[in-house]
Structures are given as C-alpha cells and as structure tokens.
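Look for subunit A in each of the two complexes below; its partner is subunit B in the first and subunit C in the second.
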Partner chain A sequence: MADLFSGLTLGFSVALTLQNIGLAFLGCLVGTLIGVLPGVGPVATIAMLLPLTFSLDPASALIMLAGIYYGAQYGGSTTAILVNMPGEASSLVTALDGHQMARQGRAGVALGIAAIGSFFAGTVATFFIAILGTPLTKLALLFGPAEYFSLMVVGLVFAVVLARGSVLKAVAMIVVGILLSTVGLDLETGQERMTFGSQLLLDGIEFTVIGVGIFGIAEILRNLEAVETRDTVRQAIGRLIPSRSEFKQAYPSVIRGTFLGSVLGILPGNGAVLAPFASYTLEKKLAKNSSRFGHGAIEGVAGPESANNAGAQTSFIPLLTLGIPPNAVMALMVGAMTIHGIVPGPQVMTRNPDLFWGMIASMWVGNLMLLVINLPLIGAWVRLLKVPYRIMFPAILMFSCIGIYSINSLSTDVLFIGFFGIIGYMLLKLDFEPAPMLLGFVLGRLMEENLRRALVISRGSLETFMERPVSAALLVAALILLVLAVLPSIRKGRDKVFTE
Partner chain B sequence: MSTQAASSCQQNGRRLQKDLAGGLLLVFLACLALWVNRDLPQGSLDAIGPAMLPNSLAIAVGLCGFLLLMSGSIREGERVEGLNVRAAIFVILAIVAFAGTVRPMTIGPLTTPGLGIAVAGILTIMIGGFASPDARLKELIVLALGLTPACMLLFGDLLNLPIPTYPQYLNSIVPPGWSQKGILRGIVALMFVSSAAIWALGRNRPRSHPETE
Partner chain C sequence: MLKLSRRELLAGAIATGALAINNRALAGAEWPQAMMIKWLIGLPPGGGADAITRAIADRLSKSIGQSVVIENRAGANQTLATHAVAQAEPDGYSLVTFAGPTLYSRPVSEIDKGLEAVSLIGRGPMILAGTTKRPTPDLKSLIQAAKDDPSAWSFASPGHATAPHIVGELFNKRAGTKINHVAYRGGGQSINDAIAGHVPLIIIGPGPSKPHIDAGLLRPYAVTTKTRYSLLPDVPTFDELGFPDFDLAQWNGVKIRSGTDRKIVDRLSLEINRIVQTPEMKDFILNQGLHPVGSTPEEFAAFYRADKSKWSEIVRELGITLS
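Moving on, here comes the complex of A and B:
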C-alpha cells in the first residue's frame, strides 16, 4: 500500500507539471477533433497524430498520447450519439440508445452522462491499474518464454471469439496477420523473409502503415460507397447535466459498467471491445422494463460508455506489466515507447518509475480534461459534424498522408497506406473482419520470438508448453474458449449480442 | 486475382460468392508466401530456420482458404457486391500524388521534383476529393488552400518536423538573407488569403448569376 501511494505521488508530480497538463489538454483536444470525424477511430487517429509527440521527452510524449487516446474514444461516442454513424465497434452500442435520446432532444444529457460515466470509470480504472500494477509486474517476472507464448495464444483465441461473423474467417485473418508480421529480416539468422528482394521490407511492415491503411483509407472507401445519408440530429442539444431523476436512473449502470469494463479490459486479446456489449446486455436484463432499450434509455448509454472507458484504460495493464499489447491501440503505444527508447514490459516500472506512474496519473488527468473540454465544446463538435463528408474525407486523406510521412520521412510509407487501404477495402467486401488480423500482426513477432526461445530452452521439445503448469493452464483455457466459440448454441448467443 | 474473377462474373450479371472469393484469395496468398520462401531453410524444432514459421503459417492460411472454398461451394452464400472503382482510383491517385511530390522520388529513370506539403497537400485534396461523386471544384479549392497552410504551420513551423513544406528550388531563387521560416510563413499567408478570397467570391456569385451554379 505504501508503494502505491509513493508511486501515485511520484506520478502526480510528473503529470501535474504545467507543461504536461498542457500536453494532456492539447492531446485530448486534437484527439477529439480527429476522433469526431466519422469513420476515423482511435487507431487511425493515434497513428496520424503520433508525429506530434516526437519532439517531446518520453514521459510527456506518452502523456500526450494518452490524451489523444481518450479524446479519440470520446470523439467516437460523440459521433455515435449525434450522427448515428459509429466508426468503431465500441461506440456501436452507444449509438443504439444515445442517438434515440438525441432525436428526442436529449442529446445533451446523453453526451453529459457519457462524459460523467467515462470520468467515473476512468477514475476507478486508474486506481485499478495502480493497485494491480505492482503485483502483476512481479508475476510477470516469473513468466518464461513458454508462458508468454501461451498467454498470447489465449489472446488470439479470445480475438476469434470476439470477432463477428464466421469463426473460420476470423482464424484466417489472425493467421494472415501473424504471417505478415514475419515479413522482413529473420531476427536470428539475418536472412530475408518474404521481402521480394525489396529494401523497403527489410525491417518488416510498419504497424502504423497497416493501421492507417486498414482503418483510415479503407474506411473512406467504404463510406464513399453509400450515398450520403448522415442523419445528424436536428433537434436541440438541450441541457448537458442530467437531472436528479435521470442521474438516479443512470448511476447504478455506471458503476456496473465500470467494473465490467475494468475486468474485461485486462483480458488479453482485446477484451475491452466486449465491454460495451456485455454492459448493454446486462443493463437490458436487469431493467424492469427492457422495452425502453433502443428507444433512448439512459442506462443504455451510461453503462456501455463507462464500460468502454474503463476497458480502454485497463487494457494498459497487459502492456505496462507484461509488455503484451492487447489491442491495436496499445500496439501503437508500444511503437511510441520504442521511438523514445523504452521497451514496454515489467522492467519499465523499476527502470522508469517516473514514466510508469506518470502515465497512470496522467490517465486520470486525461479523463478530467475530457470532462472539462468536451462539455463546453459540444457546440463546436456539432458544427463540425454538419460538414458534409465530401469535404471531410479529403481532409482525412491529407492528414493521413502527412502523419504517415512524418513518422519515418519515407514517401514509400505513404504509398503503402494506399496499398493496405485497398486490401482492407477488399477484406471488408468479402466479410473478413480486419481487427483480428491486426492483433495477429501485433502479437506475431513477440510470439515467434518467445516460441523460438522456449524451444531453444527445451531443446526442441514442444512438450515444454504442456509441462510447465502455467503455460499448460493457459493453453487449456485457450482450447476451451475455442471450443465454446464453435459450439452452435454459444455462437447463436454471440451473434445475438453483436446484432442487438 | 479474385477481384478480376469477381468483376468478370459481375458482367455476366452473376457475382462470385464471398466465401469462394475469400477462399481463393487466401489460397493465393498461401501459395505466394510458400513460393517466395522456397529457398529459405526450414530448420528443425531444436534449431528453427527462418522459413519454418512463415511456411507453417502459409499452410494454415491455405487450409483456411480451402475450407472456405469448400463451404462456399456446398451452400449458396452471399455474393460479392460491386467495388466502388471510382473512389478507389481517385483515393489511390491522391496518395500517389502526395508520395511523389512531397519530396523527390526516383522511379526508374524519372525523378519527381520535391515540392513539399504546399503542393502535395493541395494535390491530395484536389484529386482525392473527386473520389466522391458529389465533389465540387470550388469547395475543394477553398479547402485545399485553407487546410494545407494550416498543416504547414503545424508540422513545419510549430513542431519542426523534418517534412518539406515548400518547393526546394524556392530556397535558391529568393534573395539571400531570407530565412526558411520566413519563406514558409509567407507562402502560408498567401495561401490563406487566396483561400479566403475564393471562398468570398463563391459566396457572392450564386446571388448575381444563379444560373451558373
């Protein structure tokens, strides 16, 4: 406990310098600005804005990035409520009741409760991370390569379970993602793999390039397909602060959502994406009159939004303690840390305590910023959302090009976002979900490294994965998960959650 | 190759099934990976070679593709919808234009001039804008001339990132003593003013000549 308080004190002394508060503020602001644009989710937003943090010192850079992340998240919810055009799976649920509330002239209350719920969830999740950080870091030190490998297998299986549609396609996407991650020099032998003899591919494929291509460019192509029928709310936004009775109705959902999200967020394999769906289903089950859901029930906004934010935050835990990015956003964080010479993992806490605790403290500061800047700025976001898409997407296109170019100063990276944009568009057309592929890509290199290390230790015996108890338990868990995902009755339930 | 197949089927009024097309794509990818790695050593489990993992993954991808092909041929599934070719072409052209002009790029015997964001940004917006069928030229000009200088200021002036902001040759023709930042700010101001001017023109015109819009 004493550790925790000295850690948090250190953290706040880092996060609360004038410069870092300013950066958290700026990060939240630009993150929301880009995140509000329809079809631009957190991954594309962060990848585009990554260069903004290059000239900062590591702690400040991560603080600003965290701000961008929360801003992008909240921007997505704003769009979901006001436009009913959710860019990201996580704001899909918010759109259900949030947009209905907006049509009833209660957009302000929906946005308000989303912000307040997110702030509460963020605060709890911050403490959650602070409390769990130290013990989990110690646990991580006991993990050998075999355990790491098995844990990542669990993560990938989890991603299959969470993917919508065909299980076979999700598995295929994950394997393709891992395959893509093996492009480049083989780390041990230095031989070129699948580079097609090109210098450009020697270092492998840049994650930001795939992210912007598949989540930014492909999304533009898809949005351009439909004739523009954006139904931005015409009704008044109304007051922002929920009334006493609305608050009374919503606060239990906020608390339930927060805990659900905090727990799911820790799971490897992007458990956070499940949080809003799970919360919505739970709220609907618990409600006395579930027919209100889908017609502007405040619980349907409060619960999922809190769960979403809590999950978004606790998904930092696997990254900070184990060095395993559980989702694409965290993979970008790894990229950002590597640029500043930090290798994410259990050693960060001991070697860079100011960074570790500063980041945790800045999460809370970031959440506060969201509350402070977003509520007064809602008018500005509404106006921004009235800009027609034909003007918005060329701007998104240019930001993507400039952002990607700035990361490595390579024109070829820009060409590659076009290439992956087309690939992503084709995948969408063929009903392949790109998210599992990205996770496979993110974890691929780490998995190969740990697999090879484990096999060197065991002298080539695959049994090592079953002989070591932790690793065996993880693999069994993965197998059970996979079987559950394929069982028809569970699949029906899963599809129901996603289609609701 | 699956898209070609898809589009040829489309012309016959019948489109390829999604599962069949997806399966073909995966099998193609698997074969490509195996072919590229044909000369790399596999190694054995106690001394894994560089090709072992990629090849096993490629086989797994191929297997998934095969299963998809099977399921696609057994039952009638959804068919591939038409691709938005116009959007894809203009978006790709815009990206290529940016990559080719932001700084000198050599493609075979050709080297493009390095023109910086000032030109690359405008080109991206102008070309990319036409990906939408409701593109309006004047709107795009105003947007291009307004947004590009904003990005130049942010990336070149405020953040000092090593991204070229304006055409290189300007440095050699301006009088000595002009700083790079000075040139940058001058160009930015010029672009903002012209953007505002064109916007203002556009506002008055529909009123005086309603038939031209």
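Moving on, here comes the complex of A and C:
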C-alpha cells in the first residue's frame, strides 16, 4: 500500500508538470478531432505524429500518444452517434442506440452520457490499474488459445442477443460475418482464401472499410430516399445534458460496464473488443423492457461506452507490466518506447518507475481532459446536425473517403466502402441487421485462429476445451446465455401456436 | 463542378510531365532538392525494423538537411511497400526498408527488378526459447524430452513461412524431433503464451524476447546464427551444440528504385553507414536484436542474392509451401 502511494505520488509529480498537462491536453484534442473523422484511426495518427515526439522525454511522449488514443476512442463515438458511422469495432455498439437517440433529438444527451460514463469508467480503471495491475498480469497469463476460443464463443452469443428481430436472420448474418473474416492468407498454411488472386485481399478486409460502408454509407443511402427521416434529425435538437431521471436510468449501466470493460481489457489477446458487446448484452437482459433497445435506450449507450473506455484503459496492463502489446495502438506505444531507448518488458516498472507511474497518473489526467474538451464541444457537434442534409452528406462522404484512404493509402479501399455501402443498403431493405454480422467479422478471425492453435497444441484433441477449467467455464457460460437468449422466442412461438 | 476543357487538361498533363523530367535531370546534380524523401516500410509501426528505420531516418534528415518522412504501408508480406517503391521515379526520393528474409511464393517480378541495394543495416539471430515451467535446462534435454513425448511439445512462430517457422522445421529435421508448429500473427500474443507455457517453445528475435529472458520468464536454448548474440553472451549457438553450419539470420536493409543516379545511391549508402556506425545507433540496433553492419550497395546486393538462394534451398528441402 505504501508502494502504491509513493508510486502514485511519483506518477502525479510527472503527469502534473505544466508541459505534460499541456501535452495530455494536446493529445486528447488531436485524438478527439481525429476520432471524429470516420476512418482515420489512432494508429495512423500516432504513426504520423511519432517523429514529433522524438525531442520529448519518453514519459512526455507516451503521455501525449496515450492522450491521442483516449481521444480517438471518444471521438469515434461522436461519429457513431451523430451519423451512424462506427470507425472501429468499439464504437459499433454505441451506434445502435446512440444514433437512434440522435434521431429522436437526444443527440446531446447521448454524447453527454457517453462523455460522463467514459470519464467515470476511466477514473475507476486507472485506479484499478494502479492497485491491481501487477497481480492482474497473472490473469492475462491464464488465457491461452483454448481460453480465447471459448471467450469468443461467448462473444458470438452476444451477437444473437444484439439482434432486434428474427434470431434466424441474426444467425445468418453472424455466419456471413465470420466468412468475411476468413478472407486472406490462412494463418497456419499460407493458403490464399477468397482473395480472387488479388494481392490487396491477402491480409483480409479492414474492419473500418466494412464498418463505414455497411453502416455509414448505407445510412446515407437510406436518408436520401426518405425526406422525413433526415429532417427529424435536423429539427429536434433537444437538451444537451442528461436530465436527473436519465442519470438515474444510466448510472447502474455505467458501473456494470466499467466493471466488465476493466476485466476484459486485461486480456492481451484483444479481449477489450468484446467489452462493449458484453455490456450491451447485459443491459438488454437486465432491462425490464428490453424492446426499447435499438430504439434509443440510454443504457445501451451508457453501458457500452463505459465498458469501452474502461477496457481501453486496462488494456495498458499487459503493455505496462509485461511489455506485450494487445492491439495495434499498444504496439505503437512499444515502438515509441523503443525509439526513446526504453526496452519494453517486465523490467519497465522497476527500471523506469517515473514512466510507469507517470503513464498511470496521466491516464486519469487524460480522462479529465476529455471531459473538459468534450462537454463544451457537444453543443457544436449537435449543431452540426442542423446543417441541411444536402450539404451534410457530401461532406460525410468526402471525409469518409479521405479517412479510409489514409489507412493504407489504397484507392481500392475507397471503392470497397462504396461496395459495402450498397450491400448494407440491401440488407436494410431486407430487414437483415448489420450489427451481428460485424460482430461475427470481429470475432471470426480471433475465434478461428485460436481454435486452430489450441488444436495444434493438443494434437487435435477437442477435449482440451473442456479439460482446461477457464475454457470449460466460459463454454458453459455461453451455453447458459444462449438458452436464456433463445428461450423467450421459442416460448413466444409456442404461445402463438396455442392461441391459434 | 469544376469544368476543364480537354485542352486545359492536356496542357496540365504536359506541364506535370515536364516537371517530373526536369526533376530527374537535376537529381544527380543537386540531390537532395527542396523535396521530401519518402521512406516506406512494409510493416505496421511499432516493431524493431520500424524503430530502426525511424531512428536512422531522423538522423539522415539532419545530415542531408532534407526532411525524410516514414510511411508504413503494411500488407501482403511487405510487397505493397516494396512494389510501390519499385514503381516510383528513380529520382532518389523513395526508399524502402527490407526486413528479411522475405519468403513468399508470389514475388512480383518487378520488385526485384525495380529495386537496388543501398545498404545492409544489420543482421541478427533468432532464439529458440521456452517456458521456464518445463524441466528441461538445455537443448540436449529438450530434444530428449521432445522425443520421449512428442505430443507435449509445440513451438510458436510469428506466422506461416516466416523465418522462425522455417528455423523450427529445420531444427525438427536435424534433431529428429516432431515439434508441432503453432502460427501466431506477429510477436505479442505468442510471447504471452510462451511465458505462460500454453505453447512450451517459441522462436523469435532477441529484440522482443530479451527482456523476458532477463526477467527469468523465458529460458533461452540456442541462437540460430554461427556467432552468439552479444547482448546474451551466455546463450550458445546451434552450431556449438552439435548442429554444424546452422547459420540463419534475420536482417534489415535499405533499397531504392533501380536506375537511380549512382551518385545519389553512393551518397545515401555512405550517410546510412555513417549513421549505423555511430556508437549511439550501434547500441540501438543491437537492442533491437541485430548486429549493426552498414555496407556498400555492392556488399548488400551480394548478401541479398546469397541469402535468398540459401533460404529458398532450405524451404525446398523442407517442403514448406510459401504464401
């Protein structure tokens, strides 16, 4: 405990210098603005800004880069809520109810609760890291390929729950999503799968391309066909800050989301990606009237946003304690450390305590900055919705194209969002929901790769999934969840039979 | 809508073309002009090759007084980046880092034709290491254990047909073991799984593995080059442990569009060598797991040819399908 206290004191003495506060602010601001542009993610931004940090000392450089990361996480939610365009898997769930809230004139409330929920989650997660970071590393080590596979199975059950309409259609969409995730080189054998001989498909399809296409472009197409819908978004602006009753409704979700996100974020195999989905599923199951979900339920924004931010925060644990990056942004942080002559690894904590604790303290500072930057910005964002749609949509299209192009500098990616936009529009017309498909896409690759790894290690024995306690527990949990999810619709079906 | 007549478009095109020609003509004489140098790398930001490239680019930019911009164009086994430079203007403003060996079945023929060597930055070993949870203190006991109970052993690599994968299969062949290969996507998760013992063995560069070896989380068995890695001097080589002529290395080098003015290539090679030879940079490269080299274009070209035929020979011998 004394260690923790002296650590935090050291950390805040690093994070609270004028220069580092300024850099945290700058990072968060840049991150927010970048995150708002659909497609331009934190990876591209951090890579671009990396040379600027060469002249800074390592702690300052990392504080600024981390700020960009949090900022982009939050900025992505803004776009998801305002124009239904999730640029990353993490903001996909926010788009579901967040954009519905915006259509009902509650965009300000959605943005507000997202900002406040994120701040709360970030604060809790920061202290979680400070207190439990080192022991939690053990939890990360518990998860091997078999465990990740089983965790992803749990994730797929979430996809069924995400669906608003027919379960059958949701399952179909999940399968399509998984199939899409298998495009590219087979990891174990190096065979090309569904690449049509094109070099551009060797590495599979970018999430951003599908997300922006299926959600964003399809949304534009739908808005253009109906004059009324787009005008409802425009006319009703409503309040900017959540009311007391809305707070009351949302705060339990924030707490639950924070907890879920904190735990999942620790897993170095990108477990954080599941956090918002898990939270949404939980909220929908706990709600008295789950039919509100998908039609602008505030819990559907508050929970996943908190989970997302908590996960983003705790995903620093494997990086800080082991030097193992769980995702592309963290890999960049490793690169930044390397360039500054710090060897990332388990020794950072003891050899560079100022860096370790400075980062932790700056997380909290960064979260505060986000709140300071974003609460005043809400008004500006919401006013953007007043812009007539005939001016708005070409701008959205243009920014999407620029953003997508900036990821890999590939013009074919831009063509792909058009293609997926048309697919997304067709799906909308046929009442197929894209969210389960995107979740299938996100989980598919992780699931397949870990399944095959686990089987190579066990030499083909499927028992490995039941022999390992964590894996077995997760599979049982998945089964229970599935039964809970499917039961109501079966019962409903039976009721119908009886009434007839 | 902006309207341009055909004539205006044509004039524009000619003007741009003329500018490009002009650039090339001047290139030899006054390189570098007020034009940024674009240095591509076919890997995502964050890895060892990326860090080395950025560190060198930063110093290069200072020494030639021209900004050098790094662009990570990851994908398709580095071919997106190498292909782009192989098709760039040979004006001395496009460089690419090669992180070798690069093994794939579909080499775009223009790439080798379109690129020429500038300098070999460094080369270094891979390490066979494993979880400390298994009671095998050295390579000999490991081989024995793997023969006694083959199903209990497997090794992690950063992907199919990567150098560590091939090293592992070559080891299997020469040691007479049947250790299963488990492919990961890059280093991160595989290190986690090797430390925890989910995968008992891992073959990986010393850059990402040394901190875990130092911390006692991974046990090193042997390095794949003929010489030991100078930052882990206690780890023996395969060659010393009864695998004569086991000498496989990973390396980083710089290439440029072929046909670039000789003077520019020489100047770049000279500058990069000078940077690589500074004590500060030597340390940096060594920490990334490579022994700093720094070479003339000819030396790198000869190294590249020899290295390529060596790996293709092994790949053919082992019957591994390349991707």
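Everything that follows uses one rule, which is that the second predicted complex is superposed on the first by the 273 of 500 C-alpha atoms of A that agree within 3 Å, B and C clash if a C-alpha of one lies under 4 Å from a C-alpha of the other, contacts with A are read in each partner's own complex, and residues count from 1 in each chain.
Operating definition for what follows: a residue touches a chain if its C-beta (ideal position, glycine included) is under 8 Å from a C-beta of that chain, and two chains touch if they have at least 3 such contacts.
Everything numeric here is computed off the predicted structure, so don't read it as measured data.
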item	value
Touching partner for A:331 - first (subunit B), second (subunit C), both, neither	second
Which of subunit B and subunit C A:191 touches, first, second, both or neither	both
Which of subunit B and subunit C A:179 touches, first, second, both or neither	first
Which superposed partner A:438 touches (first subunit B, second subunit C, both, neither)	neither
Touching partner for A:409 - first (subunit B), second (subunit C), both, neither	both
Partner chain(s) touched by A:109 [first = subunit B, second = subunit C, both, neither]	neither
Subunit B versus subunit C as contact partner of A:51, first or second or both or neither	both
Which of subunit B and subunit C A:145 touches, first, second, both or neither	second
A:474 touches, of subunit B and subunit C: first, second, both or neither?	neither
Contact residues of subunit A, present in both the subunit B and the subunit C interface	51, 54, 186, 188-189, 191, 409, 456, 459
Residues of subunit A defined as touching subunit B within the complex	51-52, 54-55, 168-169, 171-172, 175-176, 178-179, 182, 186, 188-189, 191, 193-194, 196, 217, 220-221, 224-225, 228, 388-391, 393-395, 397-399, 401-402, 405-406, 409, 411-412, 414-415, 417-418, 421-422, 425-426, 429-432, 448, 451-452, 455-456, 459-462
Subunit A-facing residues of subunit C, complex	44-48, 50-51, 54-55, 58, 70-77, 79-80, 105-106, 108, 151, 154, 159-161, 180-186, 188-189, 191-193, 195-196, 198-199, 210-212, 214-215, 217, 284, 287-288, 321-323
In the complex with subunit A, residue positions of subunit B that touch it	2-3, 18, 21-22, 25-26, 29, 33, 36-37, 40, 44-51, 53-54, 57-58, 60-61, 64-65, 67-68, 71, 78, 80-81, 83-84, 87-88, 91-92, 94-96, 98-100, 102-103, 105, 117, 120-121, 124-126, 128-129, 131-132, 134-136, 139-140, 143-144, 147-148, 151, 155, 159-163
In the complex with subunit C, residue positions of subunit A that touch it	43, 46-47, 50-51, 54, 140-142, 144-146, 185-192, 199-200, 202-203, 268-269, 318, 322-326, 328, 331-335, 338-339, 341, 343-347, 408-410, 449, 453, 456-457, 459
